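Shared chain: subunit A. Partners: subunit B in the first complex, subunit C in the second.
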Partner chain A sequence: MSGHVEILERRAGAVDIIVVKGRLDAGSSEKAEERINRVLDAGGRSLLVNLCDLDYISSSGLRVLLAALKRLKKDGGALRIACAQPQILEVFTMAGFHRIFSLSPDEAAALAGFAVGS
Partner chain B sequence: MAELTVRADLGALASIAEFLAGALAGSGDDLVFAVQLAVDEACSNTILYGYPDGEAGTITVTCIVDDDAVRVTIADDGVPFDPLTAPPPLLDIPAEERPIGGLGVHFIRTVMDSVAYAREGERNVLSMEKRRPDSL
Partner chain C sequence: MFFVLLQMICVVMVVAYLITRSASFTRVLDDLVTWKSQAILTLLFGALSIYGTESGITILGATANVRDLGPMVGGLACGPVVGLGAGLIGAAHRFSLGGFTAVPCATATILAGLFGGLIFLAAGRKFIGMHGAVLFAVGMESFHMGITLLLCRPFDEALEVVEGVAFPMIIANATGVFIFALIIGNLITERQTKAERDTFLSELERKKAELRIAHDIQMSFLPERLPEVAGLELAALSLPAKEVGGDFYDAIPLPGNRTAFVIADVAGKGVPAALFMALSRTVLRANALVPRSAREAVREANMLIAEDAKSGMFVTLFYAVVDPATKMLTYVNAGHNPPLLFRSGSGRPLELKGTGIILGVMPEADYGEETISLESGDLVLLYTDGVTEAINPGEEQFGEKRLIETVMGCHDLPPGAIVDRVRDAVVRFSGDEPQFDDLTLMVLRVV
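On to the complex of A and B.
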């Protein structure tokens, strides 16, 4: 079941942007994981995850993001998260993930972060 | 008191969140989000691990709101499992070395003021309470 999440993909130069909207819970995280892995399988090494319109994330959603971060770090890539709303940030903080992810207030700032290297 | 019974299926998680949003309407976004997170994590565990033989059972979520607190009870007919026995996660080690397990229960303990587990007959019953901020 994944009807409560919407995932869009875009590119900005060498950066792959994945926009996750709605709910990222145990029922929808597999779909997000598949989409992210497809981008990484295609050679993507700079991944921006836009969470501007994400309403909810659980530990299942964090697991997907952590798996992507681990894979990218191993391959010399980078992952940046843009625009997580306060309640989403609170979940990141509870998990200690605010210390291991690059969190940017908006997509432009995240893109600029790739430009200077991360 | 509000009560919802759903089939123990991952597709039910969004329905449970909607049920809680309705039951807690007017209680403030932060309180609603916290209770939704705790209940979602508990129900996710039950759905993913509570029915190893395949046949999904049912989960009943009960929500009582009064002036002082929100009390939520989650009852399921899965295999006996006390989520509170999970060890706390290691939050300060590098991403590459982090196991992901245990985070859900850590969230439940963090956002709720009290959590208790009981096995009652053939059911697991997880009782959680969160004080309302204006009652502190």
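On to the complex of A and C.
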């Protein structure tokens, strides 16, 4: 299994939006990490990760998000997660991620969050 | 004449093969020319030039020949020194034969080597390639004919000779250069392929070695055997995956007959994950041994680990201290998937849920702890997500439900047998799917 993950990239003003769909697990998280790193390498400082259609996340998936967050924090950037589904939120809660990530119910709210810089 | 040309082509092929396979020629391709290798190549291409003269067909004292071939190829492939040197050898030999075309023929041969060498320099000290080489041969031979017409007198005789030999000489020299270019081109491609293959193989070898090292580090940080703990029966198992690694379990004897049980999963793979696992385990052990509460031990360990965590490394950890005297289990769950407590004689297991954030991300994080009272016959199953997230060929996960059913089906067996049953169930479920994540289990039973 190479991981059924689909990753799309968009931009909204100065915000890079990465949409991750499907499963973010040991088999697919490397691909996600590469894509995110490419955006950050290109100078992206505001990253919105849209998880509306993410069905599953494993610890390797959490690691990718955490690595992105650490990198952005170091460079004075920001990362917001939008629209995580209940089963994803459950994993986030178990890991304690809800305490270190800014979670927004949807993309619009997350974009608004970047705007006010919170 | 056709047979003479054919014979000549055969000789050229053999000579081209031998020269290009010589050590001196290899040095040229590697850009490591020495005076010695240049001298050897000059002699070889010079000899080819003499052969070119000797093998020619004589027409009115002039010969249709491939004397220019050696100097041309020597220059094109090895540079101006070899080209000019071979040209001088061929020219000296031709000049010694005399005849009314001796001067222009000798001159053309020297120039053939020189021009070839200049093209080599212009191409950036390398062979220009087949098309360029053949084109050069055609041009060079036409030029050769031109200076013959220009320098030889009487003009009528010169014209007669040129009319006779021009076409066969252009064709023969172009063919010879073509053969050389083909063989040199093959050689260059062959060496490139070999270099790429070597790089690929050494990369593969390095990756394999890295995986082996990661595996060895990981295994060396797992307990060789679990300690004897009064009032408990224990069993544990860890099956590392090929690439993803970093699970560990531990049983640490504490003062007062108590024991700390640990199961943990480092997110990441390869050597970095294995080293992070070794760090986490050591830090945790050191902190467990200081007399303090479970939550303080984990909090301290987290602080130290978080300071060292790079690029999103983290570890999920379940840490439980069991006191056999009071049968109390106090645990801290730092983002690890909840262990299951099967109460003796009752159905559904209890989940020992999270009491804090994963280790390594928030240095100042605080952790809660829970205490539960154990009873004789209770069974605690600690596991990592490699168990529940093992997938079958239909991409279904093994899941918690199957895990619970498996354990409930063998609840009364010794812990060692329960561990085996779970492993067998997961392996059977996965079928031919590769194991993606480490699979780690620990079973405690209260006697």
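Criterion: the second predicted complex is superposed on the first by the 115 of 118 C-alpha atoms of A that agree within 3 Å, B and C clash if a C-alpha of one lies under 4 Å from a C-alpha of the other, contacts with A are read in each partner's own complex, and residues count from 1 in each chain.
Assume contacts are C-beta pairs under 8 Å (C-beta built on N, C-alpha and C of every residue); 3 or more make two chains touch, one makes a residue touch a chain.
Just so you know, these numbers come straight off a predicted model, no measurement behind them.
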| query | Quick one: subunit B and subunit C on subunit A, clash or fit? | reply | clash
| request: Go through the superposed model and pick first if A:Gly27 touches only subunit B, second if only subunit C, both, or neither. | output: both
| request: Would you sort A:Ser58 into first (subunit B), second (subunit C), both or neither based on which partner it touches? | output: both
| query | Once the shared chain is lined up, is A:Ile100 touching subunit B (first), subunit C (second), both, or neither of them? | reply | both
| request: Figure out whether A:Val15 sits in contact with subunit B (first) or subunit C (second), or with both, or with neither. | output: neither
| task | Please work out whether A:Leu72 is in contact with subunit B alone, subunit C alone, both, or neither, and reply first, second, both or neither. | result | neither
| query | After superposition on the shared chain, which partner residues are touched by A:Leu48: those of subunit B (first), subunit C (second), both, or neither? | reply | neither
| query | Which holds for A:Gln87: it touches subunit B only (first), subunit C only (second), both, or neither? | reply | first
| Once both complexes are aligned on A, which of 23-31, 257-265 or 275-283 in subunit C overlaps with subunit B? | 257-265
| subunit B and subunit C contact sites that coincide on subunit A, given as residue numbers | 1, 4, 25-27, 58-60, 62-63, 66, 69-70, 94-96, 99-100
| So in the complex, which bits of subunit B are touching subunit A? | 9-11, 13-14, 17, 29-30, 33, 36-37, 40-41, 44, 47-48, 89, 91-92, 94-96, 98, 100, 103-104, 106-107, 110-111
| query | Which residues of subunit A touch subunit B in their complex? | reply | 1, 3-4, 23, 25-27, 56, 58-60, 62-63, 66, 69-70, 73-74, 87, 90-91, 94-96, 99-100
| message | Which residues of subunit C touch subunit A once you look at their complex with the stated criterion? | response | 241, 244, 265, 267-269, 311-314, 316, 334-335, 337-338, 353-354, 356-358, 361-362, 365, 385, 389, 391, 395, 433, 436-437
| remark: Per the touch rule above, subunit A residues touching subunit C in the complex are 1, 4, 25-27, 58-60, 62-71, 93-97, 99-100
